[in-house]
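Notes follow once the structure below has been shown.
A, B, C and D are the chain letters, set down in written order, and residue numbers restart from 1 in every chain.
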Amino acid sequence: MTTLFQQLINGLSLGSIYALLALGYTMVYGIIKLINFAHGDIYMLGAFWGYYTINYWHFNFIFALLSAMVVCAASGVIIEYFAYRPLRHAPRITALITAIGVSYFLENGMSYLYGADTRDFPQVIKQVNYNLWGVRVSNIQILILVTACLLMILLQLIIKKTKMGRAMRAVSVDPDAAELVGININQTISFTFALGSSMAGAAGVLIGLYYNSIDPLMGMTPGIKAFVAAVVGGIGSVPGASLGGFLIGLLETAVQSIGLSAYKDAAVYLVLIIILLVLPSGIFGKNVKEKV
Amino acid sequence: MTSLLNVEDLVKNFGGLTAVSDVNMHLDDDELVALIGPNGAGKTTLFNLLTGVIVPSSGSITFRGTDGTISLNGMKAYKIANLGMARTFQNIRLFKELSVLDNVLIAMTAHYKEDFFQSVFRLPRFYKTESQIRKEAIELLKIFELQNDLDKLAKNLPYGIQRRLEIVRGLAMKPKVLFLDEPAAGMNPEETADLTRLIRQVQRDFHITVLLIEHDMSLVMNLASRIYVLDHGSLLAEGTPTEIQQNKAVIKAYLGEEA
Amino acid sequence: MILKANWKYNLCWLILMVAGFYLMNTLILVGIINSFLENMMVTIGINIILAVGLNLVIGFAGQFSLGHAGFMAVGAYATAIMISKTPTAGTFYISIIVGVIVAIIAALVVGIPTLRLRGDYLAIATMGAAEIIRIIINNLKITNGPSGMFNIPQFATWPVVYIMVCVTTIIIVNFIHSRGGRAALAVREDEIAAESMGINVFKWKLAAFVLGAATAAVAGSMQASYLQTIAPSNFNIMESIAILIIVVLGGVGSITGSFVAAGILGVVDAALQNFGALRMVIYALVLILIMIFKPSGIMGATELSFKRLFNRKNKKVGAKS
Amino acid sequence: MKKSTIKRITGFAAIAMSAAIFAGCTTAKTTTQGNDQTGNTVKIGVNMELSGAAGGYGNQMKQGIQMATKEINSKGGVNVNGKKKKIKLIIKDDKTSTSTSASVAAQLVNNDKVNAIIGTATTNAGTAAIPNETKAKVPALSPSATDPNFTLQKDGKVQPYVFRACYQNNFQGGTGAKFIYNNLKAKRVAVLGDNSTDYGTGLSKSFKRQFKGKVVDTQYFSAGDKDFNAILTDFKNKKIDAIYAPGYYSEIGLIIKQARQIGLNVPIVGSDGMADAKLVQIAGAKNASNIYYTTPFSQTVAKQNPVAVKFMNAYKARYHTDAPTFSALAYDSTYMIKQAIENEKSANSVKITKGLANIKDFNGVTGKISIDGKHDANKPIAVEHLNNGKVVGSTQIK
């Protein structure tokens, strides 16, 4: 029984990481229908920013986290401006290839400049384990879980309650109509990228701290998993992304705990396919039918 | 003899909204029937139900095929099409990036066979069927004076010609019934007059039943032998053009209370 | 009438293929093409087979598949396993057929459920399916797990690959210009209109998908026997993406484009070997810049066509007289 | 109509025929005597994973090779039959891809006419390069390809032009098995191996084959995984005495960290992929206790080995960090080629091959190396013991 709870905690803590990353995917996809392959690499940039500022500029944790969010937001906006904006009216597959190009550029650019080695993240917060009825939880696990939930609520508030959020929703439904009613599309999309990328930046620092290991290719695997999570949850939906993240985290943990670790990724993809077959737009996705 | 197409108590609900309610109608061989009604009356929805694009909530649609009457309820759209029901779309749905000839050839897909190996290895049989089918398509296009545009992309044709090509494409399916969804929309009077001639010609030469949705009353009154009037999803009236012109309910629906 | 016109074009293509073969052969005999260049060209050839097959699925049937490497893996392992057991040329050719058959079965198993999905959802589902295939191969005993298989006898010499490039391209191009290909194009253009024209949309999607998978298996067989080494990691998501890049770079819907892009990328890849860690940075930048300045790819949707060349000439002659 | 088809078919037949004929011609002409040494340099090609999945390890090897070359050249170069020739490195990236590796090998042996090749880091990329190397009769020495069959042909005969400077999996896995059973007296062991490379699975398999106790559970992970809590929680319930975890330091470091954090304190035994200072940094010094790994490059043993001491100091001076095993193996590989040239008094590639096959008691950073009949590197193996992140002892295993 304790083991079951322990595995549940393990799954939730892994899931909160995917959820954190999936939020950024879902926002960008929601607004310009682009699978932003570079999102995982922005997360990597965030982790490296944290690494360097803490090690060399001796930032404290909160300041490193916030500055990483700002830096990642800026890089997200810059990437959108140079790589995606010129392609806004091009075929979507072209934009996708560009996103892959940006991803390669960031991964290999960082490898070239700083080396492809794994390095250890400075442990600015001492890890403390709490023992609750035999179940172990660490303070950093709780921190990540709480941050993921807070950011999700914050995002939902921004989207539902603010003027910018309204603009985002309008652009995602019909950019042309949104422009007609006076919404500045470029600004709205930039803002979305800033928001999504700052999530990735926060995730980078938190996860760097949690696992204590970062490298230039660290965004690749979680990036794809997080995208799968976003799709499972219904891409474009904020609660969906979080739910998808937790679902994938729990699933991976479950598969590993029953001893099928070699097939853990296969199980994730299998569940993805099954969910899409039953719900073609994911759990919270809206199924838009073409009007005849 | 039963009607070619028979619709009984047809209902379609979208969530809480009833788009089509208790519609009864029939189409007989070789007649030209019009379906009119104000915007949002459910005309296109009815078309979509008849052609299998959407599935009815209740009621029945039956079709007199070569071997007996067949129920079309829940049948896949392509199967219904292959029974002999062709259609055009309100917002032209040609294969835009393909040539005029390809548009017509695609519509003929069900009417010829090409074995995979024949076509991939270009066996003699392939060339034979291909030249036959092309000849047929070109002849059809000739009737509608499109023979000089064979290799043009559909998207590059003028609007009126696109409408015409869509009708030709429907005819290439060798249908028994042709559904035309607002064929005169966006046309000037001259083009509309052309279209009227065209539809008449189609009906005369090909001996098919035509069901026509149209807002242009002159065209409808000119062409149709019978008219169905749809309002708020249900049938308001049915009759010959003269009957409909004098029907109080129809006038009310079209012109509002004061009339 | 059509026939007479067609055999002229067919002959042109045939001459081009044979001439290409003899040109390459002569260059090898006089030593201009050494084994490095031969290696590069064979790699380009294999990439052409892959890209042409994927282009059929994406460019002509309009189905966004990201799982091409999975089917390639099926063909590669079929060949590797069979010719490692009985290393004869006969087994090699049988193994290609076996690979194709298994790939067709795999494509049916993957395609029948997933081809109901659209756009990016289909992409992510096919990507998942390909990963499942790879993970299974990675954990099987007969495939030797992650170590992969090596010391595979080489039967796929460059002439074999050359002929396979020709054969698969002929098959796919001929398919596109036939009843089935036109139906697939209709599906790409407008599913609803295609359906109302009596076209079984799902069937033709599946046909294109399966044919694409079958050619991918051929490419896999070629690679396994030419390189004499395969490992599951050769067939991961990145490989599927690499094939997709060739297709998009060349032009979605242009077979000629796939040829051109596979050639250019093959040369660029060989040239960048000297740049070490910088190579992928340059590659990424080139990719981004081409996409921004040529969003529809190098060739757009245009094809090299002898028919058009002839017609243009005829028109000119006609204008003069 | 018929005509065109027939033409087409005959055309195809023509292609097929000529293909068959000329295929014979093209392969028949490649009979070389290997690449001779020309000019004032000995050309050594480096076919290495500088980008892609194994890019990190490949770059460490590149550093080792460059260091060795610089040292040799600063002393005048390699002594080729009395004349000092400088080494010219030609470094090319194979992207951790089999097809690129084959292409790199072809370019090195044909265009650059190298006399020997160092590489590759991984078995898969290495085997893809073998046909081209064999055709050109140029030897390839891999610093770290560990699959037992890497140096063997299909029929079990040795690959004439392929060598390695590291242990093969059976040897190292067997040593791990002996150590856990005999020295740690552990009877119930769980295996947690890297399933994305031949290295992790190869070691897992050979360990399981040779371990005399009970292997309670075998689980796998992939390179790039970061969360092992689920597997470790599962292990914790299985009452195991030790974990055998073959893989690279980036993942094993995390496994150690997470195992200790959930209170799983059994010994964790690994392989030479762990022997890197980064292991302790990632795991945390406090967590890195009760850790053992098989390695040729023991820091304690190295203190008695002057070559190793020199290497470690030089590496630290140049790169400001402790030398990783991969750099050491690559460094040794470079010197082994130098040794082969000097023994044979020739830098012809076929001669170098012969020289490499005959290397005996070569004094390397990673121990006294002899190449055996299977072109494997025989050298002593040690098990290092970490406590609180420090190497506290090492055991020689016979």
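Operating definition for what follows: a residue touches a chain if its C-beta (ideal position, glycine included) is under 8 Å from a C-beta of that chain, and two chains touch if they have at least 3 such contacts.
Note that this is a predicted model, so its numbers are computed, not measured.
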What chain is the most remote from chain A, judged by the mean position of CA atoms in each chain?
B
Relative to the centroid of every protein C-alpha atom displayed, which chain's own C-alpha centroid is closest?
C
Which chain pair is joined by more contacting C-beta pairs, C-D or A-C?
C-D
Taking each chain's centre as the mean of its CA atoms, chain C sits from chain D at a distance in Å of 34
CA centre of chain B versus CA centre of chain D: separation in Å?
70
Chain centre separation (chain B, chain C; CA means) in Å
40
Can you list every residue of chain B that touches 2 or more other chains, as numbers and ranges?
53, 89, 122, 127
Show the residues in chain C shared as contacts by 2 or more other chains, in ascending order.
3, 6, 10, 138-139, 192, 277, 279-280
Chain D, residues touching no fewer than two other chains:
1, 4, 8, 51, 53, 55, 59, 195
Tell me, which parts of chain A touch chain D in their complex?
3, 6-7, 10-11, 13-14, 17, 108, 111, 115-120, 123, 127, 129, 136, 138, 207, 211-213, 215, 217-218, 220-222, 252-254, 256-257, 259, 261-262, 265
Which residues, counting only chain D, touch chain A once they are in their complex?
51, 53, 55-56, 59-60, 195, 217, 219-222, 224-227, 229-231, 233-234, 237, 249-250, 253-254, 257, 261-263, 278, 281-282, 284
Residue ranges of chain D in contact with chain C within the complex:
1, 3-4, 7-8, 11, 14-16, 18-20, 22-23, 25-27, 29-30, 50-53, 55, 59, 62, 91-100, 102-104, 106-107, 109-111, 123-124, 127-128, 130-132, 135-136, 147, 149-150, 152-154, 195-198, 200-202
Considering only the defined contacts, which chain C positions touch chain A in the complex?
58, 64, 113-114, 116-121, 123-125, 127-129, 131-132, 135-136, 138-139, 192, 237, 241, 244-245, 248-249, 252, 277-281, 283-285, 287-288, 291-292, 295-297
What residues of chain C sit close enough to touch chain D in their complex?
3, 6-7, 10-11, 14, 17-18, 21-22, 25, 28-29, 34-36, 38-40, 43, 46, 84, 87, 138-139, 145-148, 150-151, 153-154, 157-160, 162-163, 166, 223, 227-231, 233-234, 269-270, 272-277, 279-280
